[in-house]
Amino acid sequence: MLEQLKQEVLEANLALPRYDLVTFTWGNASGFDEESKLMVIKPSGVSYDELTAEKMVVVDLNGHTIEGELRPSSDTPTHLELYRRFTGIAGIVHTHSPWATSWSQAGLELPVFGTTHADYFNGAVPCTRPMTTAEISGDYELETGNVIAETFETKQLSPLEVPAVFVHGHAPFTWGASPADAVYHAVVLEETAKMGSRTRALQPSASGISSALLDKHFSRKHGSHAYYGQAGKEESR
Amino acid sequence: MLEQLKQEVLEANLALPRYDLVTFTWGNASGFDEESKLMVIKPSGVSYDELTAEKMVVVDLNGHTIEGELRPSSDTPTHLELYRRFTGIAGIVHTHSPWATSWSQAGLELPVFGTTHADYFNGAVPCTRPMTTAEISGDYELETGNVIAETFETKQLSPLEVPAVFVHGHAPFTWGASPADAVYHAVVLEETAKMGSRTRALQPSASGISSALLDKHFSRKHGSHAYYGQAGKEESR
Amino acid sequence: MLEQLKQEVLEANLALPRYDLVTFTWGNASGFDEESKLMVIKPSGVSYDELTAEKMVVVDLNGHTIEGELRPSSDTPTHLELYRRFTGIAGIVHTHSPWATSWSQAGLELPVFGTTHADYFNGAVPCTRPMTTAEISGDYELETGNVIAETFETKQLSPLEVPAVFVHGHAPFTWGASPADAVYHAVVLEETAKMGSRTRALQPSASGISSALLDKHFSRKHGSHAYYGQAGKEESR
Amino acid sequence: MLEQLKQEVLEANLALPRYDLVTFTWGNASGFDEESKLMVIKPSGVSYDELTAEKMVVVDLNGHTIEGELRPSSDTPTHLELYRRFTGIAGIVHTHSPWATSWSQAGLELPVFGTTHADYFNGAVPCTRPMTTAEISGDYELETGNVIAETFETKQLSPLEVPAVFVHGHAPFTWGASPADAVYHAVVLEETAKMGSRTRALQPSASGISSALLDKHFSRKHGSHAYYGQAGKEESR
């Protein structure tokens, strides 16, 4: 069942320590099959070197385990809420990567300080508001997904054009057209968060590049006028 | 004698350079056997690549060497004082890991800036007061243990819920239910100290997450209502 | 055709990830053959582990592909403009290396904070002005080369003595007497940008070394009175 | 001739890149034979992977090459001046290691922020004054040694107890009882410079530990009352 997606989700999870995005088991990746409306996700608390495609857990959009012996990631309700709310995404990654987590802990959005950012994110990466005590005491992981979606609605951001968020006092989530795409965006976010911290240290008043430069770089790699790489987006990676 | 504990202590010591927590021989791990009231600890100044289980030193709670040809770590009296004062711990790690040592040198406690911290430490990681000249000139390593225990008593902290401390002007100690658990907490402390420094650089006024979020994350991984991982705490790692 | 230059350009491109200067495909190196006035450059968006000398693209100074099946780097017009304007250079490297990119994003020039800098760059590494909307909307990559050349003309800098620049809100370019030389300067720039950020953090008023010390170190390694290394400049590396 | 010392100097030079203290050829190590009053030093600008014991250059205290086909390091006169002025040292290391170089560029001494520092350096690591134009234009490398020695005389520091210095606007030198000892101190200096920068960022008013704590830690590892390690100083490493 969903063997290819399980393999993709396995590879996405294994990529997280390889890109130095996780310590211990502090991260997880999932994939979503649009046709069957099923999600494949990492089992909870299993170390990356013990993961296999068979250990992946298949869950439906209501959170019921459809296949798999292990308990799914404790962040499962967050992933599900994002697949329900953000139409068109098919992969999600959550890590506690240190630079992006520092921005989450600072409660700040990451401005578009340069073209590295503009090549992948069409605007600042937002930070959610702090969660309320009611949300935390209630269905916490579901509410985490909810506050992410609320952030994009309130700020009128497109999740397909800004595929990343900082959860306030917590850590980042990224997503994309596939599990591999979500991993890619997690790496980009960590790099741009690192450079953003250093930019701000050098120039506290730095506010970012012009909207013309942002538009130019984002459209160079995305949409019908893209001209980076050999053909489409995937190949250019 | 205590062959299994010696092996665990050996592995804990070898984990320190592997996790980039020590330079040269700047660190040591010990384990405590509750039944016999004996401690196993690294010999002093021996480099990690020459360590074997046989070289470990067995010491009783009064500091007498019970087994072993080598002199035990010069920090032995500190370890012993912690085992005497902190009931229920069975492993201790001391390193000069650079981020945690920087907080020790700054003389600051590490606030609960985010959920990474809250997953393992149920409150700020405290920093001891500076030691007095009398303490330094006296039984220095014993007094180091004493000032750590005093810090937890004064601040009314549970050493089992906040298994880490910064010794003022010196470096961190961590502990846990086993030598491996103490190593785990040393890694967590270094990661959270790093992210804490970067959080404060981005947002000097950052004061940390709400107590509701702290409680939620700590209890997600600890105690009878834990639901992270596949079963209990150890397996989730 | 230009087989040796292709090999040199290949090696220069492969050196970029080895020196930790690039993430994914965020960088490219080119070489210029003075006799034929042809440039060899990396194909666009191809990952470094798939590169071969045969995949390199040969382009003339007007930007026409002379040989090669793949589309040349999207930064090709920038490289060409630099070869046209900076007489005597034969290799160019562009990366988004994190420390140098942070200076680009901060919009600051890198002062000569020490002799490491003075050994290779005869003065501060400049930062271009921000590009105008017209430049960005027009022939963007060409205009990027143009604003770099303008920076050197306005500041009356010699591109052979200061073989590096920060493009405002973007990232660095470096160059040299060969593709390998341009790589070497990219490494030096990243190291000096890193140390410059840390110098400024320690001492915000630091303004750099005396012109006497700059002259001494630059001339120790460059020009007819150089006395570093075993013979000339190349061997000393 | 001096075969054992050549081997020691080779190993000290090879240790520099292994400890991440040098980029390219930016560093050198030498050793001094007290009996023959001869120095063995790395040849200038030769990369570390091409070094052999046979390529080492033997120089007398007047700077004349006694043995060796290659030109000695361009920093030779600095090394010689230190061996002439600092009685009892037998190894010197010069690097541009990034954290220590940042303190040199900031023109600041490194306070004794913690016990890691106190274990090896009996006081702040000093920074020289900036060199004068006359010194730079004259016998520059000799004058570099001179300003280092002057710094220790002016501040009444013992080079055996504080075996490290920052040359203003340049980079660090360290020394010791052997080439390996000088390498060891170069590693300690880089670690303490890193932690010092981070300490100051967290706590700008941090001024360092008490003299009682400094004395305690320095004497724990040095002198007749040392009790760290298994026997004497060398073995404890």
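Letters A, B, C and D mark the chains in the order given here, with residues in each chain numbered from 1 onward.
In this text, contacts are C-beta pairs under 8 Å (C-beta built on N, C-alpha and C of every residue); 3 or more make two chains touch, one makes a residue touch a chain.
Chain by chain, the UniProt names read as follows: A, B, C, D = L-ribulose-5-phosphate 4-epimerase.
Worth saying up front: this structure is predicted, and the values here are computed from it rather than measured.
Colleague: Keeping to the contact definition above, tell me which chains border both subunit B and subunit D.
Modeller: Both-contact set = empty.
Colleague: Trace the shortest sequence of touching chains from subunit A to subunit C and report its length in steps.
Modeller: Graph distance in the chain contact network comes out at 1.
Colleague: What chain lies farthest away from subunit C once each centre is taken as the mean of the Cα atoms?
Modeller: B
Colleague: Same residues or different residues where subunit C meets subunit D? The copies count as same if more than half of the interface numbers are shared.
Modeller: Under half shared, hence different.
Colleague: Compute the distance, rounded to whole Å, between the mean C-alpha positions of subunit A and subunit D.
Modeller: Those two chain centres are 47 Å apart.
Colleague: Per the centroid of Cα atoms for each chain, what is the distance between subunit A and subunit B, given in Å?
Modeller: Spacing between the chain centres: roughly 33 Å.
Colleague: Give me the residues of subunit B that touch two or more other chains.
Modeller: 201 - these are the residues of subunit B that touch more than one other chain.
Colleague: Counting only chain pairs that touch, give me the topology of the graph as line, ring, star, complete or other.
Modeller: ring
Colleague: Taking the top-of-page definition of touch, could you list the pairs of chains it picks out?
Modeller: Listed by label, chains in contact pair as A-B, A-C, B-D, C-D.
Colleague: What residues on subunit A touch subunit C, complex-wise?
Modeller: So the residues of subunit A touching subunit C come out as 113-116, 184, 187-188, 191, 194-196, 198-199, 201-203, 206, 208-210, 212-213, 216, 220, 227-230, 235-237.
Colleague: For the complex, give me every residue of subunit B touching subunit D.
Modeller: The touching residues are 23-26, 43-47, 70-71, 74, 96, 98-99, 101-108, 130-131, 133, 136-137, 140, 169-171, 197, 200-201.
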